[in-house]
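Each of the two complexes below includes chain A, the first together with chain B, the second together with chain C.
Up next, the complex of A and B:
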């Protein structure tokens, strides 16, 4: 009797946890959708022209007209933060897309093919992984010159090996499975085996890593912009906005707090979504 | 017996407490010169400013030699930028090409050696053999020394020779003592460098200084190129004074009883050189519109927060040939639009940027970030030029020299001290004539060439001033340069610091008058 009760309590707890995780997934997905909608329709949502300077209104503290205040050029900070979402979020998504696609492609190829070419590419990825990432990105961005696209390329150069190693490891664990052998025996070509049988089975961890990486990449892109190697003026981008406002932290703190808060919230939302996706894709959760 | 013991313990405890308090409480005591140590943070000493080290015969390092009290020149400028003797007593112009300078008899180098005519001769000979700008400025043919005087004969007439000798490259150092591996020299100033690096100079008072004993025993000059770090270093007490604080931080120290500020207007001008090699800049209407679209008042009053004065020409108003002696276009966006329309630049596709013959009116604005004002100017013109229909691509990079070399710019904005020698010739010969070192716009004008040639040989002060105004006006009329603002320089220091005063020349900082109370 007692054992039965314990079982029913455990099942109920597990169900409650599953429900909570699902709820979190919906909430964080909704928040991400909200952020993406804000970024996509930024130019329609801004209350003022984010690039229009009015030196007569410079450095106004938050008030009813300018909810987040104005910067030293008299530009509305709320408008710039909204507009900055476009540059910051989309460039981060683009970066994660690039590194996950390239890294996964390389990992799939190396894991499936094996041999000398695998060793060679993995040693190259070891070289990239051995470098301090941000330092290398600064060097690459310095060579390529300023601009948000160059910053994306610089970070892409250093970030793909993580996905390559992850995908390769996953491929190695599934490529000797019976269903792959069966596919080979039935005469499937390697491309079909990779894309139809291996890739769908290794997508879970890659998806989780990619989602968790969005926040990290956003921070790194903002870091490059903060150092003057990302977005060029007058583009509204959160990292460069923080850089422009840092000398005013003690005198006009809203100039740096507005974009800083935007980065904090956005990175947190993407990280929480990544965590939740990981929980949802966890085999224990499915059971 | 017990009572005695208690009494003794009490007395001893009291004595200990008094002793401790006396040891801690030095507020009322006065420090001797040797004990006083002055820590000075500055953004102006850095590799990117080409002034590291103390060898005046190397690039702009002479600025550091003079700024930090290691070296002195034969003559100097007062607060009105008028010439005054320093290591020299006086001079006489023998003829158009010959000047005889009489030296003070009481000056010693910091190694105890007397400063004689021979030592000065050797120093100048080393200068013209090694320095990049000095030979062109001074045009020295020969130098002869006789006791405490030197006679300089020039190749050509050099009316501003004495002014040029006030340039920090003219600091007198003992060349026999040489230059150490860490770029240290032996000068005549109130301080002697004990250690020199690219980020810090440690100085000690020169006990045998001819101008009196310095009041502060040690001075440490620290290069702090990040404005926020500099601000916090001053707030935390790590440094006693600073130069080059961000304007946003300056107001933290204004109306604050714990700090004092010494400010003065300088001849450091923020200017934009328009590249005549660029096809779009060759259009006079574009240059005119660019000059009319720069909001100089807004830049000086708002972005520089009042720490600048809107500029008209290259020279500020405190100079007799500067200020409103020259006329320039006023800020007028509507006027700029008309000028461009008349020249055929029209916005056909409605994107706000004008086109002509299928080409967008777009300019590449090259500048650097080590002067905090320049990126602000770039972003300010980016917005105001857009109102006139001109697109601006800003390239703010500290590797700007590569872009200059490649010619990859339409405009180069920089900061430059136009009258470090109190004379206009220096600016013109370095900026507006063929082959001049900083003519980044490749500007050429026959009239300007002729006027500068006259200026080079004119001794009469009034005529020189007239020529300076004429040349500046022609440069402004051609819109070869657009002058945005002059810098107001500020030193911020702890309340007890005295004798540390900003100077319009921008290169007199640490002197024997420096004191800490």
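Up next, the complex of A and C:
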């Protein structure tokens, strides 16, 4: 009797969990879409001109006119946060696209080819991985000069090896499957084997890592901007906005809390989406 | 070294059995014949032409003549591609038009006893036996002259085993195909093969007709192999 009860409870548990994963995927995807829409239509959405200075209204606390307050030049912080979404989110997405495409490409090539060229490229990626990432990025950004594109390039330089290693490991585990041999026996060329048979079967983990990396990369980009190596003033970008507000943390905390909160929420949403994507792609999760 | 100093010849239209315990190098031999694995030394000849050093392009031409059926039927199909698509791959690689390749794939499936709806299924949607039939369909699509079956029936249960073997034998008779049947089960070999090679530790230790070998095994190893089956 009791055993029967226990059984039925387990069944229901697993059912509700399944449904939740689907639901979570929809909710977080929707949130990400909302963020992307805000970023895309930022210039239409802002209540005030984010670059219009008015020293008479400097450092106002959040009020009904300025929902998030104003900074020390009297610029509306809500407008600047919305405008900053564009620079921050799109540069993070661009960065993740660059490193996942390049990294996966290198990993596919190395994993499939093997041999000396594989060892050589993997040793190079080891060198990149051995550097403390942020320090290297600061050095590269310092050499290239400021600007958000240079920050993206600097971070791309140090971040591709992670994807290369991931993709290479996945290729090695798929490469010896019988279906690859079968495809060779069907007379397929290497390019077809790689892109039709290997890549689709290793996309899952790469996709998950890429989604989870959006948040990380956003933080690192903001970090570079905070150090003055990313977006240049007056461009609205969350990292540099926080950097500008740091001297006023005690007197006017809203100046730093507004962009800080925006980073926090955005990174969290992207990370939650990444986790959910992983759950969905989990082989134990049946469609 | 997995395989060492083996030498044998398969005659046209013959069904040659290769038996031996697990790990004795049977699959390695098959992979070397199909050039999926490189041989350190020695030569492989197909219809009198050496293919040991064939380049990628020649190899693709050779694969019209050699086909292989694998031990794990489900693993031998890309899990993300429909069975029909996998069967069509070799024909499309040879420049056949899609609709003709599709028709041919369905035809091959039908010959192997599968309704044509199976072309639209994914590997995980069919049973092991059905999947093995599909992989036979893939192998015979180009009417190869040599078919290698690497333990094609080992992962299947006994009744399905018999059906699959019957199918292979049927094609061998109808199309005059040569067949290398790799197996660890002497009883199966006895039913189908014209000639048998016994392999142990990467070497061929005995050769003869199935009846000769089973009735009068010369080697101690073969005796043990027979005892373990019967």
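As a convention for this text, the second predicted complex is superposed on the first by the 277 of 287 C-alpha atoms of A that agree within 3 Å, B and C clash if a C-alpha of one lies under 4 Å from a C-alpha of the other, contacts with A are read in each partner's own complex, and residues count from 1 in each chain.
Heads up, the rule we're going with is that contacts are C-beta pairs under 8 Å (C-beta built on N, C-alpha and C of every residue); 3 or more make two chains touch, one makes a residue touch a chain.
Everything numeric in this text was worked out from a predicted model, so none of it was measured.
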Superposition on chain A - do chain B and chain C clash or fit: fit
Touching partner for A:252 - first (chain B), second (chain C), both, neither: first
First (chain B), second (chain C), both or neither touched by A:197: second
Contacts of A:179 with chain B and chain C, given as first, second, both or neither: second
Touching partner for A:44 - first (chain B), second (chain C), both, neither: neither
First (chain B), second (chain C), both or neither touched by A:228: first
Chain B versus chain C as contact partner of A:187, first or second or both or neither: second
Partner chain in contact with A:64 - chain B first, chain C second, else both or neither: neither
Residue contacts with chain A in the superposition, chain B compared against chain C: B
Minimum C-alpha separation between chain B and chain C after superposing on chain A, in Å: 52
In the complex, chain A residues that touch chain B: 51-53, 55-56, 58, 72-74, 145-146, 228, 232-234, 246-252
Chain C residues within the chain A interface of the complex: 31, 34, 36, 56, 60-61, 63-64, 66-68, 70-72, 75-81, 86, 89-90, 93-94, 135, 138
Chain B residues touching chain A - in the complex, by the definition given at the top: 227-228, 231, 246, 248-249, 251-252, 295, 298, 301-303, 369, 372, 375-376, 378-380, 382-384, 386, 393-397
Chain C contact footprint on chain A (complex, rising order): 177-179, 181-189, 192, 196-197, 200-201
